[in-house]
Amino acid sequence: MIFQIILLIMLAYVVGFIYMGLYRNITARIQGRYGPTVYQTFYDSIKLFSKKNSVSYGWMFYLGPVIMATGAVLTLILVPVFSDSDFLRSVTTQGNLFLLLYLMVLGPLGNALAVGTGGNPFGVMGVVRGLTRLIGLELPFYIAVVGLIIASNSSDIVHIIDLQKTTGLNILVHPFLFIAAMISMVGFFGASPFDIPGAPQEVYSGPRTEFSGKFLALLMSQGSIFAFAKLVLIIDLFLGGADSLWMLVIKTFAIFITIIFIGIVYGRYKVEQAVDFLMKIPTLIGVIGLVRIIWFG
Amino acid sequence: MSLGYYFLLPVIFSFLTPYFRKLGTSALRGSSVFLTFILFVQTLEYTGVSLPQISQFSVAPPIGIAFVLDNFSLLFLLIFTFSGFMVSLYMLWYFKANDNTNETRFYVFFNMLLAGSIGMILSCDIFNVYIFFEITGISSYALAAYNKDKLGLEAGIKYLIIGSIASIFIVFAIMLIYLQIGTVNIGLIAQRYSEIDPKIAVLIALMLFIGFGTKAELFPMNFWAPDIYQGSSSHVNGLFSAIVAKSYLFVFFHLFYLFGLNTKYTLLIMSLGAITFLVSEFTALNQKDIKRLFAYSTLGQLGILFMALASNSSDTISGALFHLASHSISKLLIFLVLGILISKFKSTKITIVGDFKSLFLSIVLIIGFLSILGIPPFSGFIGKILILKGFALSHNYIAIAFILLVSIVEAVYFFRLIALMLDKKRTKTSVPVGFVNYIVLSVLAILIVLFGVYPSLLTHYTDLATNALLQPHSYLQFALGVGL
Amino acid sequence: MMESGFHGCDLDDSLKCKLEESGTQNTHSVMEKAAAWFRSRSIFVVAYGTGCGAIEMPPTFTSRYDAERMGVVGVATPRQADLIILSGYLAYKTLRRVIRTYEQMQKPKYIITLGSCPINGGMYWDSYNTIKKLDDYLPVDVSVVGCMPRPEAVIDGFSLLQKRIKNGEKAGWEKYDENLDFYKKNQKRVLGNHVDPSYETDWYNLENGSEV
Amino acid sequence: MIELISKLEKLSLELVQKQDYLYKVEVKKEQLESLLLSFLNEFGYITLDSINCRDDLEEGNFVITYCLLTPKRDHVVMVQTSIERENASLPSIHTFWPQAEIMEREMHEMFGVDFPGHPTLIDFALEYWDNIPPLRRDFDTLQYVNDMNPFRGQRDDALDAKVEMKKKREAKKAAKLKAEQEAAAKAELETQNNPSQEVQNEE
Amino acid sequence: MNSIFLLLNLLPILFLYQFGGDLHVSLSLTKEFTLSLSQTPLGTFFAYLSLISFLLVTIAQKSKKTSFSYYALQFLLSIAMLAIVLAGDFITFFIGWEIMTWSSYFLISKSSDIDTKSLQKYILFSLASAFSLIAGMVIAYSFANSFDFNVIQNSFHTMPFNIKVALIVLFSLSFFTKAGVIGLHYWVVDTYSKAPDLFSSILSAVMSKMGIYGLFLVYGHLVGYAELKDMFGVILNGTDFGYVLGWIGVITSIIATFKAITQDEVKRLLAYSSIAQLGYIIAVIGMGTSFGVAGAMYHTLIHTIIKLLLFINVAAIVAQTGKNKFSELGGLIYRTPVSFVMLLIGIIALAGMPPLGGFASKFMLYNAAIDSKFALILVGMLFSGAASFLYCYKLVYGIYLGHPTSKDLETQKEVPISYLIPQVILALLLVATGAFPGAFIKVINPILIEFSLNTIPYTSMGVMQSAVGNFNGLFIISAFVVIFVFILLLIWRIKSKAKNNLNRFDISYCGEVPSKNTQLHYGYGFGTDLYRIKFVNAILKRSSSPFYEALATQTKKTAGLLSRMYYGNIHNTMIIILLFFSALYFIGVN
């Protein structure tokens, strides 16, 4: 099981970095640039790890990224990666959707602690913007998740995956919930138009302002692992999971490319605009889906 | 001891007061304490005796006086003699600590007041009731003004005028009754009241109502009351609140039930009581003068008592009597403490309760406040809950809602005073209490707590009193048996 | 077109500067070589727009010239940056901030200057408020000359820097560490007694005795 | 304008027209504040365009000029005053025109003029400047610059430009001469060697 | 003194432990009233909850100079609460309730920064609550002819429908006021923030729970969930009544959460947070399902622990620094590291983050909503939970992280040990409840039986069963710890190479050098973003205070108007008496 977990983390690490590289590459191509290579993020990561030194502001400054990474890894191992397989099944059955909803926020909160310890006011501004954005961001996602839990009468993800084999994929059965969840996902990936917390023109680089060298590398690594976990969660919930590695890559890539395409064409919302938007349109779509499930399901 | 001594002893002491004064101040004060102590102890003896009892003094028949003591009047007698005892003890300190030039005058009228009010509740002859009514009245006018200061004299005169008006109504009523029935014996009147021409009966009832209602401070005849309270000394206010007002209340409801007026006038008196309660509590909110404030508080509590006593149900009346006793004790306590404060600060602003520093006084004062507000474990709570329970049993939910809502208004100013007392930012002056006052105030406070945690002490008597009030046949028997 | 730094100082007799020749090999093990390669492939830039050269930055990094394809990408804070671009003349006031920013960067770190002003003062040679030789105060790795250099030249500067990183040549930050006295003395000369507290080293404060 | 002239005449001041849109009035330092206030309040010169300072080192004066405009923007009035260079001080007019605050701050930094009552006389463009204010004429900029920032020296392999230029010129000259000589020689040679050509051409 | 009262506080616990289980005592007060104690599983739970809280707070008081009267009143308060939770009839309940009211009033008045207005607010709302209760109980008496809970419970179904509704409304109003439901919360914030620092913990952790106990008593015991279902009908899988209560709770929780974020005073934030957390409990308490009751019970427990921990922590900091605003605190993390860790554990639980007990209770609450299919209520609860991260972060940042805002904070010492002991105990409790969420089910099941609801299946200590999935707390916490330690070891190399303990002014600040006078603490700026969000702004700019202030002004005006009648003119009084007489006479005769 330990071996499987390490394998999974490696897989998430590689796939996550390649996706992040693709993100930059595809963005460049859309902007009419040649763009960096797909491995550019990987290079960045190695370079940051090989930095001669990095600043720190005491023990909480270490623990923040560690909590963040712990949250990411815990999320990863609790999300079932392969359906119809015994891969880590004994671990994933311990998780449920409520747990995952909260584990997804554990990272930002751990990061916020480290940023606060760093003492940079710009960093804290970024954190506050991030947490404020989270208020709006979580709402459609919560609606989608609650809808699925009520529709399938279980908060167990494996059960939700299995159920999709008989009822059809949730993306078709509950399209409203899928749209709501996807709009939230754009924000969870830090893509435009919801990328205000780290806006470089306004608050340095937001929460990451004081992170340098190896800490930044750790943040990037956990970010890519976490991104993978989120993608897997979305395909588990709406696309019926993946039964092989290829299906996994194809499905996650499909979700990922959608997020890129949404993110690339939008400008940046201010934090209040973002929350305002998220509280209106995606929430309304989600509520329609939810009402459809409860009253007409 | 014959019941007559309840009247005679105070009168005698009252007349002897100047001579006691000549023997010395301690003899004067001691005589008063002795008198009230005797009366109180005597009353306590009556608690174990089967009632009603009667005693007659005939000068030359049919001229004479007859006293009847039943359970209803026993309760009041207990309250009056106890309050009188406490006040006379308190006066030991008061005249030592303050200007005692008017001491003799006070004791004369104090004894007279006791005589009058006790006579009023014991007498079974409506004309004698009127006489005692006048004795009480005159001694109260004098007590209001005994200090001879400007406010006091104004209060005395006002009281006198109002008192005369009330007397006129009562005299007319008695006259009409005598013309109609030809007797002044309460028992006979009660028996034959229904025979009176209904129009005249209404007139009589209304005249009695106005006369006693005015004195018992019922809205809208109570506009004079706050001025009197404001003008008088604080211990006199205590007497007014604990004895005088209650004695008029006694007569009011005694006649109310004896004459069978409860069938017609319940709603009227209940609503007037409610209005009294509402108006006085609201008015009290804005008061800056502490005596005036508690005058309104007294009016408000009398309002509740009117509401409950007129309600015609034994549960409510029993509760009301409990509340009445509890209110007498609490108000007496409050006014006595205020007397200490006023004599220290020479001011009657409400801020004086925030200026003193004395743990004992704070505690007893807060106990008094909480008791009047009806907060457990103090006696006021039992009274209030009994009244509410009585109303609930008769499904009178409007009254419950009314009492509770207005009680919140009441709480506003009471807790404003308590907050003032607890305010640490004010500069506090320590206040000498006096040894006697420690005893007096502790006894009062302990009684409040005792009745709160062990109410059956009192509910026993209130239940008996209620029975006596609502089933007055034994009283009537005795009253009719008066062979005058 | 390019000129490597560290030439001006050894002419000044009053200020001794023990600078080695550029081009010294500094990487030995395989790990270090690999790290150097990755470092050269990923350069985070904080672009300090000190003068007119700031206007050359946007085309360099955006679609037209696209420095990102070389792994050169802009970041906002000096903490994350490997390279600082100083694009034009430096007033004393600016120099103070630049030194501070440079010291906040994490090693290894590099400096590229644009235009002639950081080299010899350019058209501001006789200003009472502008420094003439930047390499007296900070170790410049690559100077891109021209007034102003076009983006092509800037990118050429990047590739030169990448080449030098890849070869493991001794970079400016190492020289800065070795000759801290020299640089600090120069900085103190123009900035007077009001050099910002340096949290990297207490060199200045030890000498001056002033409070941090 | 007529009102302005008459008013100024009352104060025994003269409004001189320098150009068709430019007027000048010279006042003493004591009158300055009241005059500026009346320009603002009575004549509607609501815009203070600039405050200029000229260093008359020879006369020992600073000449301060306030340029004022009306909302019409059709002419400029320059109110000029001169003050002692030593301990130069002027009343602050930031309460009349708020923009004067920053102008005065700059003048304080560059010329060392003091403005009593000014709220923010702190560093403006320079930091911690402890020398003579740099725009005073007795501040020797060149000397300061040379002291502070020595010129970049030559490279080891650097050549003297004059010599090189001379060499270059001479070489050029020589080359030119040589070319001419060669050309002449060639022409001579050609005429000698190919006389038949001419003949052929003629043909 | 402290140790005496510590022992005195131990006594009721020992008493309950020794004689508990089946305590039935009654004492006749008058012929109608009896004081009776009757122990139920529900009461026992709340009794232990409050008594242990008092014990812990008394430990914390060791290093704070406290007068005898304070201790005595606090002990009286604890006894009053014991009387409330063990009461077998309404008279005992009410006497306990009122003693609680006034003893807490005097305790609050012992604070140094209390003002008359806050005191008045507190006592008037408490009395309004009590009077609502008294109205309810006498109405119940008028039908049941007894104040005894069991008698009322048996005769409840015989009452007319409107009386039933009136009773439920009156009792709910009373207990809602104590719990601080939005609209009735006007007193809560001022009182909590201005009470003595350690007493605030009692107010928030224990006294508000008396409101919850009352609600349980009424809904579960007196009325009964089955009766509620019969009375109001069914919506989705829950009751109509539960649905209304659900929205009340959710709205309370959302509004209070946003209000909390914008507070500058530490205790005001905690007060609003308390309102919000009680909102969750109220949201599920009426659902009438096993999970609803279990969720409410669990959250009651967890919230008590958290709020005790946080308030004691804050009290210690306030006592140590003398400052109580976020804009005045900051940067204490390395000065008071133990306090920081305790607060961190507290806010992780408060935010409902997984490894600790906070998540277990949230999980139960959400399951209750799922069980009843109250999806929008669930979304509202989740939303409020997401917003609560902001104030949780503000709490830890404003006090411990960032920069110290004044010089004396830089030389601060760790708080006294007596403050830390209860905090450590409470933190361990939070960890334990997180690791063994199933253990509490054993406590809940007897209560569910008492309410005649289905019990929740119990498998093991570490697992919490629910309708839609299980939460294995033991697994999660051990996985968390393992991964955490693993990653920590991995980056240990980084730690050894990093420059440690940098000067706090060495931050990226656009090339500028911040100095001691630069405002680097972001305590002020928190929550200002929220004002620009339309929806949140609509919440934040509204307040219940204009209503209550207008009520006060109108009352004052009425009083002024009425007091004009008493202006002391004796002629008018005479005329009025005569006119009144004639009016009555004409009415009477005709």
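Order of writing sets the chain letters: A, B, C, D and E. Residues in each chain are counted from 1.
The criterion applied here is as follows: contacts are C-beta pairs under 8 Å (C-beta built on N, C-alpha and C of every residue); 3 or more make two chains touch, one makes a residue touch a chain.
Everything quoted here is computed from the prediction, not taken from an experiment.
Asks: What is the touch distance from chain A to chain E, in steps?
Replies: Each step joins two touching chains, and the minimum needed here is 1.
Asks: If I drop chain E from the contact graph, what connected components are left?
Replies: Taking chain E away leaves these connected sets: A, C, D | B.
Asks: Most remote chain relative to chain C, going by C-alpha centroids?
Replies: Computed centres place B farthest from chain C.
Asks: Please list the single chain whose C-alpha centre lies closest to the global protein C-alpha centre.
Replies: Taking the mean of all protein C-alpha atoms as reference, the closest chain is E.
Asks: Between C-D and A-C, flag the pair that has more C-beta pairs in contact.
Replies: Between C-D and A-C, the larger count of C-beta pairs in contact belongs to A-C.
Asks: Give the label of the chain whose average Cα location is farthest from that of chain A.
Replies: The chain farthest from chain A, judged by C-alpha centres, is B.
Asks: Between chain A and chain B, tell me the centre distance in angstrom, where each centre is the average of that chain's C-alpha atoms.
Replies: 79
Asks: Based only on mean CA positions, could you tell me how far chain A sits from chain C in angstrom?
Replies: 38
Asks: Which integer distance in Å separates the CA centroid of chain D from that of chain E?
Replies: Here the centre of chain E sits 74 Å away from the centre of chain D.
Asks: Based only on mean CA positions, could you tell me how far chain C sits from chain E in angstrom?
Replies: 59
Asks: Give the residues of chain D touching no fewer than two other chains, as numbers and ranges.
Replies: Residues of chain D touching two or more partner chains: there are none.
Asks: If a residue has to touch 2 or more other chains to count, which residues of chain B qualify?
Replies: none
Asks: Can you pull out the residues of chain C that are in contact with at least two other chains?
Replies: 77, 79
Asks: So which chains end up touching which?
Replies: So, checking each combination of chains, I get A-C, A-E, B-E, C-D, C-E as the touching pairs.
Asks: Considering the complex alone, what residue numbers of chain A touch chain E?
Replies: It is residues 53-58, 60, 62-63, 65-67, 69-70, 73-74, 77, 91, 94, 96-99, 101-103, 105-106, 108-109, 112-113, 116-122, 124-125, 127-129, 131-132, 134-136, 138-139, 142-143, 146-147, 149-150, 153-156, 159, 204, 209-210, 213-215, 218, 270-272, 275-276, 279, 287, 290, 293-294 of chain A that touch chain E.
Asks: So in the complex, which bits of chain E are touching chain A?
Replies: Checking each residue of chain E against chain A gives 236, 331, 333-334, 340, 344, 348, 351-354, 359, 362-363, 366, 370, 373, 375-376, 378-379, 382-383, 386-387, 389-390, 392-393, 396-397, 400-403, 466-472, 475-476, 479-480, 483-484, 487-488, 491, 494-495, 497-502, 504, 506-510, 519-522, 525-526, 529-530, 532-536.
Asks: Can you tell me which positions in chain E touch chain C when the two form their complex?
Replies: Per the touch definition, chain E meets chain C at residues 502-503, 505-506, 508, 510-513.
Asks: With touch defined as at the start, can you tell me which chain E residues reach chain B in the complex?
Replies: 28-33, 91, 94-95, 98-99, 101-102, 105-106, 109, 112, 116, 119-120, 123-124, 127-128, 131-132, 134-135, 138-139, 141-142, 555-556, 558-560, 562-563, 565-566, 568, 570, 572-574, 576-577, 580-581, 584-585, 588-589
Asks: Residues of chain B touching chain E in their complex?
Replies: 158, 161-162, 165, 169, 199, 202-203, 205-207, 209-210, 214, 220-221, 223-224, 226-227, 268, 279, 282-287, 296, 370, 373, 375-377, 381-382, 385, 388-389, 391-393, 395, 397, 400-401, 404-405, 407-409, 411-412, 415-416, 419-420, 422-424, 454-456, 459, 463
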